[in-house]
Structures are given as structure tokens and as C-alpha cells.
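Naming follows writing order (A, B, C, D, E and F), and every chain is counted from residue 1.
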């Protein structure tokens, strides 16, 4: 059940049986010469919809632009500053908590969002509690990173080994190929690809990762792989979500 | 050309022939008993894609949650505070200006966003200029409100007369029916509907507009109407965008 | 009744019969070669005082510096950033709401303030409601732009036709001449004057409007006209204010 | 020379001979049963105009609402939060520094503003320097508190002794009586008046200072005294301003 | 009793007999060629511990970095912006007020912190009251500047006369020598030392005070003096703290 | 070499041979019935000093209060909001970068700081780069969590097994016992201790972890263990720091 395709009376009804909502969050950032700039948002949104269908959960709108400041030296990348993203999350959860939601499950497509999301959750729990919004003390947030699901991780390792890398990975590219077969890109990829260098500022990132990839060979991706990743992630995160709802009781 | 379905080298190439980008902005808010909560985002995104195709323009990710604080008393509505939305717009445009973009055309689906967008543009011009980011002084922003296109307005008047109303309107509902025929909702709608009362806070809004509609009869909407609105809006806003690019020279 | 010329027990008494207050807001910005930098504040303050006398309403202190970032390339112009102005408005209304005020009528002399004021109202309704300040849900704000009063608009059209323009207009200059006859300025004005170009950043504004006027011929202004504008605006906005108080019941 | 009664070309000319500007800052707060709520703004504005005439300095618009959070339990009082006032000062000085101003002399009517003004100056020097705005390193700010002028202080001591008190003082009331003889208020004043208790929060303040006065007997004020205070303050602050301009060389 | 060396049950017990806490605040800034960069924090922390022992008061963690933007042109100096320091103080006091603390005595080692602390207290009283945190209206803050204790001041005058100066003073250097005899520094000090110039921005400060001292001769400092200053400050501030607790009743 | 025990000329000299600085960051939060509230700051500071001695690195002042909002239901706990901590880090690094520092190694004693630190680093790289502060693009930050050193982790596992837990752990308590043998606390500890429940808001935390411990048995701690942990952490983090400096070249 997608929030965007629901009416407010339907949401009112939904709240009678569940306090949970799934919020996809991605990023808008370079993904190497062949990866889509929307990769992280596309993956998060597709998987969130799948999890929503599997678990009958409401799925909110996708946060398309996340924390990707280190990718800013590549054209087309967009980012919120962490402090802005914290404000966004706080506003989202304030809105939804006032309506009665209490379990927020962020399905995340981008590693760079994780730290800021965690910071935002802390800030929001505090904010809601200080304001004594009814239900504030019951609010719980959780991040589900699809690319860190053990089933996903294992398949990626099996299919790609070390060529999975850590950004513009074949697994995420495969998933976008499955969701958007009309947008499969080809471009020459140097065999040698930088890896292992930590992430600092944007200019430094581009100096060390000149084509945007981090240790990955996205040429290995196929739409069929993508379907496999999609299904594994949906299954695993559906279980995670259901346990999250239960535990919170 | 969708930014999310492009690679960074494609964006780099695009920037050699155009400095313009289209940014859809909607809202996540109640649209009466039958209107979709995502109505404003769905309309903005669909039309933006159409304009992008017509004009060969790059279309960025949709801002799904806008300034809808007055709708907060209806469950499922979400909003940024105006100061948060200003920060979001500033971050978006700082990212894109650094990459070389200079013409930002926001295709907007929600009246409540207009004031904050205008404020955000002023704040951003100033911010970019103070930082002396290359190209800052050439940056120009423009809002295109699809529902205020004269062709759209005239058709709505012709089809619905006064029953168009001003929120949860048959025209916007029709457009969502065209885009999402699988999500056409039915619900009893009182014949009498509040209208003409100004917008203040959220509780006050719900007191005066108890089912969320403002003077509208969305039961008049049909997917066929929606297609007409879509085509008119795409045509008119495509012209607006092309003139915006030219004038800016 | 001017707040600045009242004592707190007088305000306490006033609140027993009215919850309304008038807040003049202007700007400090270039108004062409002959227009006063304080034009917008002078007009708003004078008219607000007139409306206060006519309606027995309390008139608060004038906000002298508004949102005029686009005028910053002309010396003597001053501006708040929109996010600062939002904070200012929120602080003003938080103070006054705590004292029992609930109807805030901003008499505005500057088009550039309108969008930010609207954004600020939304932010403030939300802020006050989240804090559950007593009376928060009854708070209502309204902007009365004296230059957009229909009676003012019609007289300006009659007297000046197209030479009214849209900034440094003869009507606003006339009003300042009426209020400050000791400060009537003379300077050569080119016959040709730029007009019709949209407002973006400050440097761009000055490039397109080199002497600061936007399509106007302020040489047509006379103090006698100013008196007429003053009286029309006071009359029309007094009615607006009284209706605002009533409707809010 | 008042900025509000000047044109931008006049300011441009002024800047060729001086980099200095005077900015009056007051407050909008209770001043006891007979003191005007605008006392601090009225005094600061009147004296600033006098200093401007004496020294040929440009005088900017008055900041009418300052930092008066401790007066909030009395109706009609208004305040900015310190962090808002810092943002306001920063915006003012950023505007004026970009135009070429470098010496900012705040003529202040309210003790409660002093700390925040000092904080704001530090924040602004840093802000302007980080942005490397031309002239940023030459920017200097100074506060002139008219009520702390030694000549003013001595006269108040001579005329009122201990009955001068520290808020709603006869000296400031006298000055407003001189400036606004039409607004001289009468009200019974208890002979006993609280004094010596420090300032904390607003509710605490009103508990300890129930009628708003702090140790003062404003019934001693006369318009003739007010004229004397006015003239002493103008003279002393004019010298202070001229020395400030010189020293800064 | 040091908060950092206590357990939470010990704090719970403490709160049954006292609502007071001492918070040392210093700075991290140049103190001339021989003064320690931590001088202000070292002095504040040492004295705060002494006062805590004398009065059985709880002593919180030291704020090591304060408002020292004007020292930024000397390497090793660190500063918060005033608006950041306000946020820090607000967060500290919100935490502690929620636990039941109501009297906050800041033992301060740096003149540059005073204005921002005062601003922060105002902002915090307001913040806590708006949130209606239990006990908010009883919260009281006070700054005790050890270097402004009359006993300290008199001894400094007696020992050093005018060579005390106002920054990198022999008295504060002496105190650090007493606390950290292992870190007594030697360096040539010009006999002539700048003094009397006001503080503006960082570059301007260094231009006028090239070695960082303001009118002082820290070569006069001895650890024995330091012990004397320490004892005087502890004694005087202990009395101040105890009176502060009493008066607040 | 401690920044607080250095002079600015010594820092100037240091910068000729190294661009690195170590910044200890802890927390002020409950650590169970026997753990010190300052545990995380004490550990971070002690280890940072040790690493500074081992590597000849400059060690800055300790950030005593971190991100511990989830501990707020226990008296004596203090916390910054994440957005405040981001501002603090940004201010620290802006100060130090302007002086020429480029490698910032945070020795961290508190898991709750990690996410916000990472967010702060991203925000700061971006901030410094936008301002084009010289050296901004060379700035690199790194967190070294002493409790996550593999040598520390292994010893804790060996000594305590599962009774190490995850908060108020015997390892961190041991380390404080080594540093502060005068402050070893005794209190009855229930044998059963909660564990495995995720961290959400403060009230929820206390409901699930009623005495503050998370799965730990701090009664196992001894000062001798503490010495071992100290030495392992210093050794391992010294290597980490030296590699960090090298890699950055």
C-alpha cells in the first residue's frame, strides 16, 4: 500500500491495525561511467514497494536526495548537507507521529545516508519527547540497508567476488537493470579500478576515484542478477520489518 | 532525459549544450476522501517527464514532500517546515550550480509550495553569490505551476465550472486517474462542500474543511479529462521552459 | 493606538476588547534615482497608523528591513535573508500570542516580502501549535499590501497609466512625498526605463535595471497624489482589517 | 542624514567621504505602569537622529524589537531570541559591508541588547572574513548606550538619586516625554518598588517586579528633563562616534 | 564532587539536597608568547574544583572551547561561533534541568565568553519555559568570572600594577604555573606591549596585538602568586555560589 | 604535546613538521550503578594523551559532552543534540584548518558519537571547500574508537566473555579505575542484566535498561585490567594515527 496512492481515510483505517510505515531513502549521485545517478533511490524504492506488498505495510514517498557530499565533484550528483537531512527527517517524523505512526522503517539504498539517519533518529526522539507529542515515547526508527542484507551480500560475493567493490557495484547496477531495463548503459570501463581509499571531501574523492567507481566492475551486472537481488532483499527486509513491528510491542 | 536514469558522463555531455534542468516538486497531503495523498507529486512528476521529453531537457528527482503544514490534521499528510524546504532547495541548487547548471525550472503541483519556493530562490541567489561559486550570478529559477497554466485553467472551468474548487480539484484528480488508473478511488462525497475560507493553521483548516476538499467536486474527474490536462500542461510548460532558457541568455 | 506609545496596562485593557494587532512591514532598499530608500517602510507605517486610528486597532512597531536581497547591488539597500525574516516573524508572533493576541494584520509596503511572510505564517502556526501555547489554534495572520488595494491600483492606472511600472513607482513615491514633503528628491531620469525582466539575483537585477526603476516614471508623483493614495489605502485596508477580525470569530 | 530619507545615489556619494553609519536599536517592552512600551526605541531613534545631524553621519533604520525575553510576562512586550537577533545583525551588516560601509555605531536604548549585540559583532566579523567580502577585515562595530553616557548618568543621579532605578527609569521616561509630549501617561505608582533582584526568566521577573519597574520612580520625569538628557546624550555620543571613525583609521 | 567522577545514583542522591551545579567554562586561545593556550580552561577548571570542594557542590565537565573568534589569527586558537555556543549552553541546561537541576553557576575563565553566556541564558530560560519542562521557571544561571573577583583584582593590582594588562595577564599565567608547574614557558617578551585598542575581528586583532598580549607582562608571574590567586578566587566564588543558592530560594 | 599546555609560537613551530592533531571526544552520561558519568571522556582523554606522547602529536582539548540523548532519563547525563555537535565540530575544524591543520584524528570513547561525527565530517569538508579556505581540500578526519581496537576487543573477550556487554562495560570501567583509582565505586549489581534491546528514545531506554547497564558486569573490572586496556589502546591507536598521517600524503 503506497501512501501516495492512498487517501487519507484509507490511512486512518490503516492506522487502526498498524503503526508502522516504510520510508525509502536513496541518493542522487554518480555511479561510475555506467551506473545510473538514481541507482540508490531506484533500488530503495523498488525494494520498499516489494516489502510493502509482502507485509501489507504502508510505503511512504521516496527521499530521492540523500547525503552524498563526497560525490559532488561529478556532474549530476546532488546532496543535502547532514544538518539539512536531519531537519528533513525530523519534519517527516513529526508529521507522521502526530498522525499516530510509531514505527519508521527506512529502506536505504546508500551507505552515505546511514550515519546521518542515525543522528537524525536521536535528534527526533528527543524533539518529539520534549514537545510531548502523544505517542512520542513509543516512536522507534530503524534502517534497513538492502545492500547489507546477508542474502544479498552472499549472492554478490558468489557472483562477483572482489569485483563487487563498494560503490557503483554490479549488484546495485543489476538491480537497476532489472527495474529499468530500458536504461542499461554501456561505456568503456578501465580494468584497473581504485579501491580502499577512505572517503573525505569531494575533490579528494574524485582525485582518488577518477571515474567514480570504488573497486567495482559493474560490467558484470545483468538484469537477471538484479531480479535475484531484488527478491532476496525483499524477502529479508520483509522479515526484518515484521520483527521490528513485533519487538516494538 | 531523466537525471535518475542518466550517468554522470551523460550529464557532463548534456551540460555542453544546456544549462537547464527541470525539478518536479509536489506534496504529500490529503486530497479529500477520494484524492490520492500523492496527487501533487504524481502530477508534477508526470508533467515534468512530459516536458523533459518535449524539450530534451534533463529532469531531476521529484521533491515528494513540500510545504503542507495546513494539512497536518489529516492522517498521511507530511510536510517540511518552510525553513527546512528553503534549506533543501538551497542544497539542491548549490549541488547543481557547482556542476554548471544555471536555469532551474520547478514544475510544481502544489499551491502551498509557491511562497516558500520564491523565498528559497532569493535565499539561494544570495548564498551562491556570497560564496562566489562560478556561475552564481547567472543562476535563475522559475516555478511553473501546472494547475495555473491558462490552458489547464480554461479546460477546468469549461468542464467543471465552480465545482473545480481549489483543493482536491477534479482536474488534479483526473490527472492522477490518467497516470494511475489502477488507483481510482470511490467514496461518498457530501454535495455541500466548504469553500472560501482562508488557510491558517492545521486544526483550523480541518475545522473548516472537515473532509479535506476546498469547494471541489472530484467526482467529476475522469481519466480522459486527465489525459487532456496532462497534454495541455505539458505543451504549455514546455513553451514556458524554452522561453525561460532563451530569455536567460 | 500605537503600541510604542502605550503602556502595558493599556495593552492589557485593549486585549479585553480585541485580539487584533496591526504590524507594518516595509523594506530598506533603493527606489531609483529619486525614490527614498525607506519608501516601503514609510508608506506601510503611515498607512498602518491611519488604519489604527480608523479602526481603533493597536499598531505595533514597523519592521523596517524586509526581504530585499535582489536590491543589494545598490548602496544603502539592506535585507534580511528569508530564513532570518521567518525567525523574526515567528519571534514576534510568539511574543504576542503569549500575551493573548490572535489576529495579526501585516500592512505591507514591499512586494518582495509577500512570499516570505506567507512562509513565515505557516511556520509560525505550526510552531505555536506544537508548543501548545494557549490560543495557538486561534492565531490567524493576514497580509494587506497597500499597493495592491483595488482603489489604489485604479487611481495609479488613471494617473500614470503604464508609467506606474512596478518598482519605484510614482504612486509610492507620491505617498512618501505626502508623508515627507521635506524629502522630495530631484534627479535626471532617463525617459527609457527597463521593464518586464524577471527578478533573480542582485547583480543580475542591477544589470537589467541599471538605475533601479522597474518600468516606472516617478517624476509624475506629487504630494497631492500621495494624499489621495494614502486616504484610499487607509480606507480600504481599514475595511479589510475589520472584516478579518469579524471572519475570524 | 537619514538612510530612509535618502536615495541610493546619495548613499553612493556619502560613501565617498565616510564609511560610517549609525544604527539605532531599541526594544518593545513594558516600562512600568506609566512608561511607554516603545521607550527604548524612541530614545535610541531620537538620539541617533540628533547624533546624525551633529556629525553629518548617515542614520539607518531603527531596530524596534530587541532582546527583551525577560519582559515577556507583561502584555505588549515583544522580543527576538538572541540567536535571531544575531542573525538580524549579521544580515544588516552583510548588506551594508557589501556596499562599502565599515564603521557601525549602534546607538542603543536597552541594556538587554548589549550582550547579544557583542555576540553578534563577533559572529559577524568572522562571517564576513570567512566569506572574504572586500573590506571585511576593516569592519568595526561599536555600541553607544545613551543611558550609560557619563553626562546622562550624572544628571540622572543629580535629579533622581536612587529613584533613578534601573528599568522604567525617570530619565528614559523623561526623554520620551520630551519626544512625545502627547503621550505622557499617568497611573498610580506604589511608593515601594522592588529592586536589586537579578534578571532570570520572564515569569520569575514578573514575580519579583510585579508592576514592571526596577527600583525606579518614573513620576519624577518631566519633558524638560527629557530635553536635557537628549542634549547631553547627543553631545556625548556625537563625540564618541567621531572618535570611533578616527580611531578606526 | 565532580560529575565526571560520580555515578548516576550519586547524582540522584545529590539532587535531594541541592539543585545547584557548577560549570567551568574556559577557552582555547593564544595567551601571548609564554601563556598556555589552555590558560582560561585550566584556571576555570581548577577554581571550579576548589569551589566544589569548599561548598560540597557538584562540578560538571569543563567547556574547553569558548568564544574566542578574535584570537583566530594565532595558530592553536579554537572557537565556537556565538550561535553555536548558545546552542551548546541550551543543550547542557536542557539536559540538566530535565534531571532536576535549577541553579547553574558558570565559573568562567575568559572575558570573551561573558556576552554570549548572557545571551545563552536568556535564550535558554525562554526555551525551557516554552517547552514547559517541569522546574523551568525556577531555573537561574549566573556567571562567576574568577579574574573579576575583587580580591583577585586587588592582588593583581598590588603585584603587577598596570603590567597586569587585560589578556595573557600575569595573574592568569601565575595561576596556570601553580596548577601546571611542569609547563612554565620562557620566551623573550618585548618591553613595549600594545594596549587599549578595542577588539574587532581576528586579523585586526593580530595587526594591533602582534604577539597576542594586551598590555600585560606575564614575565612577572610566579607559581606562588598563582597559589594566592587560586585561593582568593576559590574563597570569593564559594561565597558567591552559596549566596546564589540561597537567594534563589 | 598538549595544545592546552602549549603556546601559540610552539604550535606555529609544530605546524612546520606536522599537520595532524588528535582530538579526544567522550560523553557525560550514566554508566550504570558503579560506572563514572565521565567514563567515556576520561578514557578518551587518557588514551589521547598516551597516543600524543607516543607519536609526538599535538592533542587538543577534550570534548566532554557528546551525543548521549538516549541516556537522558538518568540524572547527571548531558548531551548535545546531533545538530549542535555538528556545529561544534565544524567550528573546531574551521578554526584549526585556518591555522594550517589538515589531519584530524578523533579518539572517541562513546559509541553514540560515531554517527554524528561522521555526519559532521561530511558537513565540514563541504563547508570548508565552499568557503575555499586554503588547504580545505586536503582536510581529512578519522575516528579512532579505543573500545573497538582489535587488541582491546580481544582482551575484553578473554577477560569477561559475554559479561563485557555493550555499555558500562568492565573494560571501560577498568580503564577509569586505572586512571582514577580514587574514584572506584561499589554498588549492588543485579546478576540479571538487560541486553540486546535496540536504542531508541531516552524514556524507552530506561524502561528497558533500568539500572543503565547494557548486558555488562562492571564488577569484573580491576585497575590492573585498566592498565592493560590503556596500553593496548595507546599502542594500537598510535599506529592508526601514524598510518593516517602517512596515507594522507
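One rule holds in what follows: contacts are C-beta pairs under 8 Å (C-beta built on N, C-alpha and C of every residue); 3 or more make two chains touch, one makes a residue touch a chain.
All of these numbers come straight from a predicted model, not from anything done at the bench.
A rotation of 180 degrees, rounded to the nearest 5, superposes the Cα atoms of chain E on chain F. The greatest centre-to-centre gap from chain C, using C-alpha centroids, is found for F.
Inter-chain centre distance (chain C to chain E, centres taken as mean C-alpha positions): 46 Å.
With centres defined as mean CA coordinates, chain E is found 29 Å away from chain D.
Among all residues of chain C, those that touch two or more other chains are 72, 79, 81, 83, 87, 131. Contact residues on chain D toward chain C in their complex (touch as defined above): 2-12, 15, 28, 30-38, 41-42, 60-65, 72, 74-81, 83-84, 87-88, 91-92, 95-96, 98-100, 180, 182-183, 185, 187, 212.
Residues of chain F that touch chain A in their complex: 67, 69-70, 72, 79, 81-83, 86-87, 112, 114-123, 125-126, 128-129, 136-142, 198, 200-204, 247.
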